[in-house]
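The chains carry the letters A, B, C and D, assigned in the order they are written, with residues numbered from 1 in each.
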Amino acid sequence: MTIKDKRLDEELFLKEREEVLKAWPTGKEVDFDEAVAYHKSIPEERIMVNTLMKADQVGKTLIQPRAGVALPEEHIGLLQYLREEGEADLLPTTIDSYTRQNQYREAENGIKESREMGRSMLNGFPAVNHGVKVCRQVNEAVNVPVQVRHGTPDARLLAEITLAGGFTDFEGGGISYNIPYAKSVAIEDTIRYWQYVDRLVGYYQEHGVNINREPFGPLTGTLVPPSISHSVAIIEALLAARQGVKYLSLGYGQNGNLIQDVAAIQSLRELARDYLDKFGYDDVMVTTVFHQWMGGFPQDESKAYAVISWGAAAASLSRATKVIVKTPHEAMGIPTKEANAAGLKTTKQIVNMLQDQGLEQTHNMDEEKEMIIRETEQILNRVLELGDGDLVQGTVRAFSAGVMDIPFAPSKHNAGQVLPARDNQGAVRYLNFGNLPFSHDVKEYHREKLSERGQVEDREVDFQMVIDDIYAIGKGMLVGRPR
Amino acid sequence: MAGKNDDNKPTVVLGVIGADVHAVGNQILEHALREAGFDVANIGVMVSQKEFVSAAIETGAEAIWVSSLYGHGEMDCRGLREKCIEAGIGDILIYVGGNLVVGKQDWEKVRKLFLDMGFDRVYPPGTLPEEAIADLEEDLKSRGVL
Amino acid sequence: MTIKDKRLDEELFLKEREEVLKAWPTGKEVDFDEAVAYHKSIPEERIMVNTLMKADQVGKTLIQPRAGVALPEEHIGLLQYLREEGEADLLPTTIDSYTRQNQYREAENGIKESREMGRSMLNGFPAVNHGVKVCRQVNEAVNVPVQVRHGTPDARLLAEITLAGGFTDFEGGGISYNIPYAKSVAIEDTIRYWQYVDRLVGYYQEHGVNINREPFGPLTGTLVPPSISHSVAIIEALLAARQGVKYLSLGYGQNGNLIQDVAAIQSLRELARDYLDKFGYDDVMVTTVFHQWMGGFPQDESKAYAVISWGAAAASLSRATKVIVKTPHEAMGIPTKEANAAGLKTTKQIVNMLQDQGLEQTHNMDEEKEMIIRETEQILNRVLELGDGDLVQGTVRAFSAGVMDIPFAPSKHNAGQVLPARDNQGAVRYLNFGNLPFSHDVKEYHREKLSERGQVEDREVDFQMVIDDIYAIGKGMLVGRPR
Amino acid sequence: MAGKNDDNKPTVVLGVIGADVHAVGNQILEHALREAGFDVANIGVMVSQKEFVSAAIETGAEAIWVSSLYGHGEMDCRGLREKCIEAGIGDILIYVGGNLVVGKQDWEKVRKLFLDMGFDRVYPPGTLPEEAIADLEEDLKSRGVL
């Protein structure tokens, strides 16, 4: 069946739901009407849309950690700790990697092993296995909104269980949770799965329940040029809006050059508004998400604090609605709760200290913004052309033609031709364009920026530069200069 | 993906085990191994133990390099050595590296855990490719391969 | 005797030296000619002037800790640790508080108690008591330049011993080490003492030895408006140049508002060049020093890391030649060596990551710079008027008339009428002008800025606002908003 | 500096002991004490034990508040209680607060050290004026002064 950018037919959607809910026993716990009633009883302070909209109005940047462990009681303790000790404004429930691959049996095993070993053997909270009631316990145990964060190509059952479970925000998308998170799942399939998720959110919306949706901004988290992640974010926003989603948070992963990072958040906001309006979704509200540096971190904790602080500063100066926070244990793997709280407190202090300071709009910032907008438009125009006006088919064809191409992604459906590298000021530029549909002058701009760096470093602009850049922040620098 | 070994270069099977999709380090390791003169059978991310073993047999590999970045390494890696033994390549070099367990744990304990599972070398997060490549060259020399 | 801004007569200076060197037995160890020969044998890498000039040329910001303990072997271990583990570019030797008050007997007692207790009972290194040879051991034990940092109103003997002891940089000045560091020492006296110190440095200079001098920038370290600290820095620079000093580092203590902090370093550099040239000292080289926030710190270490990081970022973006680093233990008192190294590493990571990023000159930055320059000129012009052209007499009279006035200083020779407070963006403004000789429009500017904040907070602009601002950063904010 | 007590307000002698010149907290404490209705004899920074005692006698003070911010507090404060006893004001309240010792040390040990020296209350760095003022009011009430 050819998937199109059309709202899923209600009858077919409801029929599909029955199948989805059968995939694991806890599906039985989902009762839509009861869930709607439950949502209407959730106090104001625990509804993500309210908190985001309020922050956006006053230009405040909220802080949110990543966190999830195998067992409910420990997960609740973790969230409460991050709220109280870490001063988190928003909380997450990060889902484990087995659940992300719909391997509920392995997740069940992980829960059992966790109980036996007395420590979490899963890297997140297996929400499907725990079911609706336990999800509600999690939400009710804290006094701020909780978002589901994962990386699941087919998150239909996960969405059913967690939304019925009282979560008010759901991360992911058909591209952003496929290409960086899967090896061989077809894009058409994941877009279809996420049409279901968005339709479900839209269905709640139709029944008067505000649920926020957030495409995953940073993608592979490694030197992703803003126009690539913006293109994905806007496509997923449009696809979600089609299914009835009314509240969207669009994200971007910090690259480290302040001007580029600020311009990225500004342009993301403008582009999203522009495209949503053009497609007739002018009642869809957009907020923004800034992810602190997603690449390799320094081993040394005091250096990690510096990376976290710089991310917090860029988030605040860009006026992102929220910032997703790293921890000083980042280089060592999944952090302790203390390290997680530490990253939050560092971020809170910076965000508070910068709250009242504005950054002036400068020439370079405008130029950077202008370039990101032009590049993103060139990609999106070509996507729409390829789909003869249909966004889903355009996206599928764009990936197979390399017109959309995410650097360092594991998916075999991704061309993998694009290579990024930092310019002499540390902004991320294109070293290889692959088949990105950029105009001559755009390409020339990137070539000049990188050749400037090559001259300063007296070396070729090649893959070694990319590798040096990937390791640079972990080694204490932004630009990976030759030794 | 490299096919059967048709030159004199030793072959390394490279992959990210389990449900793990971290691809960046995998791509850098492939590049670094090639630069160092190895043939690389890069079987990518989300690789099962069986796939590691099959690729090693198919390419006549001298070593298997397992990465695990997402904390489930302990569960994913148990039994890999046994599978190699069953398949008749019991003495192949197996290295593993990454964020091998959930949470910050005493590294020496983690190392011992994986050595006991039959891994020849175990690397903590943040190890540079050069270091593991130097070890591999040493191990291969002591086996008379290099 | 009336002190004037004149170079000390050589003969009288040499006679005074004899007296100074008799104040404590270790004075006997000083042999000027031998010391000059010793300095000429110091390798390039340990001479402060070289390292500063090189960094200034490439626009790099060097990092330097504060550190000093009672016993030589431990002090050397500390410096080596901060160099190796902390990656410090420059090292300090912070002098203990008894030595700062010339209480060498109490210092001797502190050395003895430290040996007995097995921990440092002094808050610094008592260099006078240890003498020339031990000072040289300290300098020879590391591979970077070491500066003497203290807070000594009468530092003549300390300068004699430490310069003969191979230190290549000496902090302090007749105003900056009096008003914030003493209770009742006359300004005329300390200016005279520091003419001696500068004359000594100039005397080394005449003999071909480059020694750097650094007036203490942050003064009381508490919401000091830039034009006050700049006025002091420039007067001390001019007084030092008169005595033959050729290399000066002028400092400023971070206030926390990025635009003001960057404008402060820029204006300090420009004003200093301008005044030095006007006075005929165009062969005197100026570098700049940025002190990370000198006021109250958060108790929580992860929040302290944020304050340190933001200071590092402002230092780098202002292109200061060096940054003086705080530690995550700041709120708890004198730090362990590990905490000291941690502050350094955080700062190094930030400075490295920002090294290649410039901050564009903006309208607000220009306006801020312009205001600082005007205010400083108004103060300095009045000082010169009061002294009938003589800087020393002008300074003495300016302090007694409150034309110069340092907020929160302990000295009874300071008027103590000036009160600072933050404006709505967190920049430090004047709440009370005392007798500062500002023009009507300058005063109006500050009043407007503060009244804007008062309106936002719906409260009077008064001393309570000052107190709230003093505690604000320690409590996680920049501006002390009412609760 | 306040002169002899000529109203009904209790008087506090306030000063920074030893060779310490930290003046900011001193000025804020003075302000906070006055706001709370106390008379304050603020003898400023770099105050010797003798000066504290003389000021207390001269003003008929109910309490001495000693600050020490520079780490030499242990040496500077030893014997202050004895000096008060010698001067006939042995039961005056003496509070001390600040960065009392060099380095980060176990706070309970530091507290005990100063309590043993005869201080009535000991405060760690970061204490807000309100807290110590509340304690003072309590102590004065229990002595029937307030």
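Rule of thumb we're sticking to: a residue touches a chain if its C-beta (ideal position, glycine included) is under 8 Å from a C-beta of that chain, and two chains touch if they have at least 3 such contacts.
By chain, with names taken from UniProt: A, C = Glutamate mutase epsilon subunit; B, D = Glutamate mutase sigma subunit.
It should be emphasised that the depicted structure is a prediction, and the values quoted were computed from it without experimental measurement.
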- Distance between chain centroids, defined by C-alpha means - subunit A, subunit B (Å): 30
- Approximately how many whole Å separate the CA-defined centres of subunit A and subunit C? 46
- Message: Measuring centre to centre with CA averages, how many angstrom lie between subunit B and subunit D?
- Response: 66
- Which subunit A residues sit where two or more other chains touch them? none
- Which of line, ring, star, complete or other matches the graph of chains that touch? line
- Query: What are all the touching pairs of chains?
  - Reply: A-B, A-C, C-D
- In the complex, the residues of subunit C that touch subunit D are 97-98, 100-101, 103, 106, 109-110, 113, 119-123, 151, 180-183, 220-222, 295-296, 299, 329, 331-336, 339, 408-410, 463, 467, 470-471, 474
- Query: What residues on subunit C touch subunit A, complex-wise?
  - Reply: 256-259, 298, 300-303, 305-307, 309-310, 312-313, 328, 341-350, 352-358, 360, 362-365, 424-426, 473, 476-479
- Note on the structure: subunit A partner, complex, touching residues on subunit B are 16, 18-24, 26-28, 31-32, 44-46, 70-72, 74-75, 99-104, 125-126, 128
